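Note that the chains are named A, B, C and D in the order they appear, and that numbering of residues resets to 1 at the start of each chain.
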Amino acid sequence: MTLEEAIVVEHLPDAGGYWRIELRAPAIAPRVRPGQFVHVRLTAPADAILRRPFSVFRTEDDRLELLYKPVGRGTRAMTELRPGAVISLLGPLGRGFPTPAPDRFPVLVAGGYGMAALYLLGRESGRAGIVFVGGASAVDVLCVPEFEALGWEVRVATEDGSRGLRGQVTDAFDAWAASELSDRTPELFACGPNGMLRAVGERAIARGWTAWLSMDRAMGCGVGACLTCVQKVRDPSHPDGWTWARVCREGPVFECREIVWEDDV
Amino acid sequence: MTLEEAIVVEHLPDAGGYWRIELRAPAIAPRVRPGQFVHVRLTAPADAILRRPFSVFRTEDDRLELLYKPVGRGTRAMTELRPGAVISLLGPLGRGFPTPAPDRFPVLVAGGYGMAALYLLGRESGRAGIVFVGGASAVDVLCVPEFEALGWEVRVATEDGSRGLRGQVTDAFDAWAASELSDRTPELFACGPNGMLRAVGERAIARGWTAWLSMDRAMGCGVGACLTCVQKVRDPSHPDGWTWARVCREGPVFECREIVWEDDV
Amino acid sequence: MSPSTEPSLEVRLGSLVFRNPVMVASGTFGYGPEYAELVDLSALGAIVVKGICREPTRGNPPPRTVETPSGLINAIGLPGPGVAGFIRDYLPFLRRVPTPVIVNVWGRTVEEYGEVVESLDREEGVHGYEINVSCPNIKEGSRAFGVHLDMFRRVVERVRAATRRPVIPKLAPNVSDIAAFARAAEECGADAISLINSIPAMAVDIETRRPILGNVTGGLTGPAIHPIAVKLVWEAARAVRIPTIAMGGIRDAADAIEFMIVGATAVAVGTANFVEPRTAVRVVEGIRDYLVRHGMTSVADLTGSLRLEGLPCGG
Amino acid sequence: MSPSTEPSLEVRLGSLVFRNPVMVASGTFGYGPEYAELVDLSALGAIVVKGICREPTRGNPPPRTVETPSGLINAIGLPGPGVAGFIRDYLPFLRRVPTPVIVNVWGRTVEEYGEVVESLDREEGVHGYEINVSCPNIKEGSRAFGVHLDMFRRVVERVRAATRRPVIPKLAPNVSDIAAFARAAEECGADAISLINSIPAMAVDIETRRPILGNVTGGLTGPAIHPIAVKLVWEAARAVRIPTIAMGGIRDAADAIEFMIVGATAVAVGTANFVEPRTAVRVVEGIRDYLVRHGMTSVADLTGSLRLEGLPCGG
């Protein structure tokens, strides 16, 4: 965990309303593990005083790349950053994805910025598996060439059917699991909207697979001090069977059996 | 008084740390009288929420020009404005300089941004007189070519003697008044630091001349509503002989006999 | 136009009817004429003028304001023309504006409050009184009216006896139990309450080690205080049946709607007038748009519409 | 180095000596280890840990924080490991840090405050107690400890009886007479006072019309509240002879120096830790630079150095 003044190297709009920003961050970039994030200080308007968390999409020597979507005050201000600008990064933070088990078939499931969170895992997993990626429409499907370049098979699902299967990303996964999984045991790694993560976890629990979910919670400090980013997790040692975990510290990645989904407690 | 979204036409650093910004403001520009100001809304940091007042330096058709020095939070943010940017102006505001009296010899005395406040008066006075301008060093002396182009004589004083007389602007005035004024009666128009305004006023009172001083006070609303910008002025109708005037509304220009200087009450 | 596209913005406060719930807050809009060239005064719900007392007053020495993070501290100190000067210099103008005028009143003694209201009550064109008990600089003896319940009651009772026009005590924010003051206002016959006034604050120039404000301390206003105001308005409005007029850091319609959701019947725009003189007019438009978007037929449906299902009652 | 270039930053608080007057505020720095990789803990004046009570607690449901103009509302709700958990899980780490540790203590009853302090008092490595009576969520019956003088006294007296280590009651900001609480703390034997805690606040999502925070209301902190804190610290510090620890919106050395000028002996950095974890260390450096620049030999010369000549005494 380091605090570093990073320099913007390149910053361009990508598809689906996303932007890619490449930063020179020699102290942080080489130490990022798959699924970890950085906490970024933006020169945002007065009503967004906190840092903002972003998964590290790619690293290359002393540089790291983020893939983000302007959704609010902080991220909209972020799009104004020009090459040469200096921004403060805190990272790498969090407990990322574990190394894929050698006796399992790695399956990645991504929605939204999920592809950004999963790419490093794909690159460092040692061997290629399959990636399922979903989006509202064809333009929302990011990073397919990157995964293909790593030798991963990519299956796309879009809600409007403009690319790949029409439907949810889990529909594409289900179809594959029903007909192509055969006797392999998958190990799932997912990042995306809550509903998707939950659906992935339910499948894993029903079939006895392992599924690692990267959770998204609004954050304060990013380092475990403020107790903002809590997520209900199972805790057999507690009389009620659950406790709060800090997504920034114990997460963002949790095995699906750890999570207590909000409306089933 | 109008509220207008002005467009930045040109914005360049000038000498002495000053910047010139030219704005397209068709509703306001044609209506500015000499000595009036505009109240500018800047996209400043969170701790500078109010507008900032600036004298109108020049107007030309639908454009107006400001000459300003970055001294704090608002004006530093102002330097970032690029051509094409839109900023909200409120103006023209305040009671400016009166038309110079036909039977007097017009004398302008300027320090700091004073030249900006006086230029329109010089241009619209009908006939040329003499301008005294002071600064710390030669680079701080602004707008001399502009006044010369209007046919005004310009006398410079600098504290380090790097241009014109070494000393205060009032020293240059005194020298001139002693040897060159002859039997003309001057009418003084001054804008600059408080000390200079007071010195000009004292001379005028001692010699029985009229002197119009443009006062600088931090402002809130700029239109007379908040009562932030008050200046002590003589008020015979009040038992104590003084009252507060609003610099934004009753000023910024006062005849020197109206002002009650703070430490002589 | 169908009713669903043109919702009713009218609100009532005692016997008074406002065309919309958006006023301008006392001390931030002068006496009316100051902004008349810039703002369509007939588009405002009401004009609340700067505080008036019995005699002309000068207010505090400058500097009178200082900016802080997302806020403004003011120590203007209630300068004004006095009740006779107000009637002479400003009321004729205000009578011609087709918008209710609420006069903000203050006094140095309970009796003075009453006298000022009595003088104004003889005049046409004054539609109600906002009773400023919460200015940090006014107290009787050492007891500030706004933070001592007994003093507060005495002021409200005295003013109530002086007029049949709407009486709106303006609550001080620096109390630990705002609901008690809201209830006291209601019990003493107030027609509405308004809150919040500025929050006591201070700033120091660290180079000179002197207070920045001529008056040493002042009151904080602006966006910085908005979340504090929302909490206080929620508590006060729940405690009474009379309407609440909410203010504190309104920049846009969203801030105003937030106040109404927690219980305000009307709102007032303060510091934002200095930055964007047309804020109040834009807030009216924004509220109208919101009502249309949410299929609401009347702004009254917004008041107190906070949804707390499944949540702790807080507090 | 000559004394004029290396001024003394040391401050004393009862029997305790701090190497400098800059602490980190309770709840904004965890229990110490969270920031240990980023911040040189030995450069801090003291570490004030997150509030501890008798039993482990979970705190409030999320969302627990929301940003506001120049501020942050939190409704964390005092989750923690309880006193035994703190002693077991965090104290061993803290004992190895060469910086005084102040434990922030809270209870649901007067007795609980006393018991927590008694348990901690048996342990090495705890150097003082900050008594949190000002969390909006803790009250006995309906009477919150922080805003009722009688309850406040009982808590301070009970804690005082439990320890000879420094006791530092943390005052609630939402009272109309902070000086009364400061004096009560002194009378009940406190070694210092600290203020301000967060200010009650609230935010609503206008689209869903639900409170944004899981707990409905929370407390406002950050730069927005700094001018309010300066005023309260000025009032409280003037009322007592024991030292004052000031907090509220410190972003940089200037904000800290402002607190010291109005009377604080020490300061604590809170919300800013989340934004810039090294704020406290930078504040120490900035204070040192200021003292050198102003030819001051000791930071103690700053405390209460406000110059009021020629000004109204304000208030």
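One rule holds for everything that comes next: contacts are C-beta pairs under 8 Å (C-beta built on N, C-alpha and C of every residue); 3 or more make two chains touch, one makes a residue touch a chain.
Keep in mind it's a predicted model, so treat the numbers as computed, not measured.
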Distance in touch steps, counted as few as possible, from chain B out to chain C: 1
State the chain with the largest centre-to-centre distance from chain B, centres being mean CA positions. A
Strictly by count of touching C-beta pairs, the top pair is C-D
Approximate Å spacing (C-alpha centroids) for the pair chain A, chain C: 48
Interchain centroid distance [CA atoms averaged], chain A/chain B, Å: 58
Rounded Å distance between chain C and chain D, as computed from the means of their C-alpha atoms: 33
Residues of chain A that touch two or more other chains: which are they? 46-47
Touching at least 2 other chains, the residues of chain C are 68-71, 222-223
Under the touch definition given earlier, write down the residues of chain D that touch chain A in their complex. 27-30, 34-35, 37-38, 50, 58-59, 62-65, 67-72, 74, 76, 79, 222-223, 271, 273-278
So in the complex, which bits of chain D are touching chain B? 69-70, 223
Note which residues of chain A are touching chain D in the complex, please. 1-3, 41, 46-51, 88, 90, 217-218, 220-231, 243-244, 249
Mind pulling up the chain B residues that touch chain D in the complex? 46-47
With touch defined as at the start, can you tell me which chain D residues reach chain C in the complex? 60, 68-71, 73, 136, 144, 147, 172, 174-177, 199-204, 206, 208-211, 214-217, 220, 222-228, 230-232, 234, 249, 254, 257-258, 261-262, 290, 305-308, 311-315
